[in-house]
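Common to both upcoming complexes is chain A, partnered first by chain B, then by chain C.
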Partner chain A sequence: MAKTLLIVDDSATMRKIVMRTVKMSGLDFDKTEEAGNGVEALEKLVAGPVDIMLCDVNMPEMSGTELVKEVRKLPDCESTKIIMVSTESSQELIDGVMADGANGFITKPFTPEKFQEKLSPFMN
Partner chain B sequence: MATSLTGVQSQAIGLSKDAFDVFCHDISGMFGVGMECKQQENTAETVSSLTERFKKLAAVNSVKAEGAMDGTFQLIFDQEGLLILSGIIVMLPSTNILQRIKRGTVTDIDGMTDAIKEVGNMLVGSWDKVFREGLEKHGHFVQTDTFIGNPWDDPQEKIGLGEDGEFLFIPYQITIDSYPAFNCGVIFPGAVFDKTQTEEKIRAEVRAKLEAEAAEKAGLEAEEKTEAEEKPDLEAEMKAAIEAEERARIEAEMKAEAEAKMKAEAETETKSKALAERKAETEKKAEAEAEAATDIKADDAGTTASEDAAEPQQSETPESTEGTEAAEDAEPAEDAEPAAGAVSETIQKMVESPAGLPGEHFQISLATCAKDIMQTDVLWGNADDSVQQATEKMQQADVGHMLVGTEGLLDGIVSRSDIASAVSVYLKPMFAKWRRPTDDATLQIRIKWIMTRPVQTIKPDTSLAEILKNMRQSGVRCLPVVDQQDKVVGSVTVFDIFAALLSGDSGTSTAGKTPQAPPLE
Partner chain C sequence: MVDLLSLNEVLLESAKEIFETMVFMDLSESTDEGQDVEGCALLGTITFKGALEGCLAFCCSTPCAQAIAINMLGLDTTEEIAEEDTCDAIGEIANMVMGSVKKRLAESAGNLEVSIPSVVSGHKLRNNLGEGARKASVRINIEDEYVTELSLLYHENSN
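== the complex of A and B ==
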């Protein structure tokens, strides 16, 4: 069954790059949405949960790590898989955000193969 | 300088080479370009000597380091570098990037700040990755700021470098594909190494010389070796990548062609059945329409059917950019010519009476209205934007239309074909030889002179049938959706309608983005 995807990043350029890389990775999404900040992402998730959320860590106002905690409070988003996308890759950060409920971590810069590797386990 | 390097410093110099190499490798992998990076001899620099090195505009990324290195250091790109890299990551055509390098105006850079910041962000990502593996007690690197412009008149304020300080500078030269080589580098203020220096004070000083010499020698040897080993590998890799891309392109083209053909056939069949079944009704309707809109030329059913079949394919096939451009060029005055219709009669009929159709391909609810299929994420621009700025905005946002106005209220709308018909045809790469300055001048035409106004709008509850009728009669391909106060809440384009028709799930809200134009490749 085709899946839905939400890309959260404060940079419009990066959202485009992520979207393009997802396409190049051959993963097939039924619907792809974008959000430019945490609040917008939450609004979209409340309106309709998605299967996979790709989430930037470094964002103004609400950071990606804070967003993960908020998403996990939403009753309809229990099964949403959250993959963090970040330039920072310290073990501390990864452990923290995984403990808060993220399901995966991709470091920037990334390749289509990396998306394939990290997302395909959640595509079935 | 080399003689006074501490262990961490010389390690950092070695790792900076790896970090730039990894960055080049990452960018190559993401954007399919060939990149090569050469380290040049590190030097002690001051603000005034750096001013000499970076005479034009520069992008300076401030990086906060924690752990073995502690404090802020800077990663710098020259003007050519920031234009090339940002152009590549937003996938501008190379001719466009080369023009920007040649012109090198502030406007060229202004539109790219987001992309330039992301280049810096990715560079810091590569650096963090390499230092995490290579430097003991590395905490992390975080990009704290990106300055774009001329930092040298107030370096303390703009990029955090003291005017009288001395810095360790490691220059690099990067070459991407056939673009001119550009300069970049890392500026390490002494303070980032202070912490470790104090900790290891005595030991470090005694051992530093030996370590530095050994590390440098080993580094040089390793470098020579890796360079010798890597070259054939890289070439083979690049060749394979190019071949794979070419193959993928041909396959996609074939697939798109086959699909377009199938769809055209299916549509013709659907149409003939529908027509047979409802002949009387159709005739009546045609008559009524002909009367109602005497100024609209008769719709050539054959032509529109095949056009409609081809269009959604173009939007779904990344490789068909040229095709679409050609198609757009072929009909530059589409908005003024309803006969070249945006929506065919066939599709309108399908929507009006879907139940009577052999509906395995198209299922759409009669209740579907604008708010169900509209895109809420619309692109806005200014009436004073130049054609060139508008083109860039539309390319970056990947849309075919830009709304013009303030605070949600519309003054006008401009489409890619409005722009195509406004700019000189000699700007096309194929006419480059004959290009004159007056042709370039057409890029500076302001949007307000070419935009369409007043703008035709629809309401959120306008039905799909109404929308199609409106588009067909007016020949426009994008209708902004406005609320009671005439504020724009979204837009419906022909692509949204195609997406709704093809996916058949238009009853549910589809905030998902329909491809509005081919990707920038």
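== the complex of A and C ==
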């Protein structure tokens, strides 16, 4: 089944690194899109279905945690799986964003194996 | 609360973790007591607040920054790299090293709130936190080719 991935990070370099690491993990997406901020991400989510969204936490204007809350208000995004990707690793933050609707959390530095572990349950 | 010697160790171990996992470049502590990073350089900084307040900075020459960006992005070494990508990569280095430092200091300094990184380029770049600031600093050799500096300027917050 065709899968779409959305990578949200204010750093273009980090989006490329995430995309490269996803490819190295062996996970196969039919379509990969990028967004440089939360507003752009919401536009992409409204425009078409996204299966998995990889989302930075620490972003200007709209943080990743705020974006999760906004995504969960969108009726067409109930099935979108949200995996946070961040250098932040406090349990308080992880618990909070998971309670708000995220489905997983990957801490930087990350490896292809970590993406495989966290994303593969949502690939079928 | 936090001693400078252990902070130097925290900085070095954090840099090793990031460079081994995300940059794929070897690094070691430099014994070179030289001056500033020579020539045009990039300075990536990120601020933090909490029980410790201050700024982490990573400073390296432009050729070193380009080599780091090429490795992080998995590009061919002969490929030209955009200035924006190079700056972005150095900002991410500051961001990820700060994340690792924060994790390692969690027990002694509690949760530190971290800003978004910023990067400037120029000559003889230095970060400054005014009077009374303490500084932990390590000079780091990357691939035995580039000497860089990683530093942490901070005040202990008694509030």
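Here, the second predicted complex is superposed on the first by the 124 of 124 C-alpha atoms of A that agree within 3 Å, B and C clash if a C-alpha of one lies under 4 Å from a C-alpha of the other, contacts with A are read in each partner's own complex, and residues count from 1 in each chain.
The rule is simple: a contact is a pair of C-beta atoms (placed from the backbone, for glycine too) under 8 Å apart; a residue touches a chain by one contact, two chains touch by 3 or more.
Please read these numbers as outputs of a predicted model, since none were measured by experiment.
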item	value
Chain touching more of chain A, residue-wise (chain B, chain C)	B
Contacts of A:Thr32 with chain B and chain C, given as first, second, both or neither	first
Chain B versus chain C as contact partner of A:Thr4, first or second or both or neither	first
Touched partner set for A:Ser90, first chain B, second chain C, both or neither	both
Touching partner for A:Pro75 - first (chain B), second (chain C), both, neither	neither
Contacts of A:Pro60 with chain B and chain C, given as first, second, both or neither	second
Partner chain in contact with A:Gly48 - chain B first, chain C second, else both or neither	first
Shared chain A surface residues [contacts with chain B and with chain C]	11-14, 16-17, 20, 58, 86-90, 107-111
For the chain C and chain A complex, residues of the former touching the latter	17-18, 21-22, 69, 72-74, 84-85, 88-89, 91-92, 95-96, 98-100, 102-103, 106, 111, 114, 116
Residue ranges of chain A touching chain B (in the complex, touch as defined)	4, 11-14, 16-17, 20-21, 23, 30-34, 44, 47-48, 58, 86-90, 93, 107-111
Chain A - residues contacting chain C, complex	10-14, 16-17, 20, 58-60, 86-90, 92, 107-111
Touching residues on chain B, where the partner in the complex is chain A	23, 26-27, 29-30, 89-91, 114-115, 117-118, 121-122, 124-126, 128-129, 132, 139-143, 318, 377, 396-398, 509-513, 519
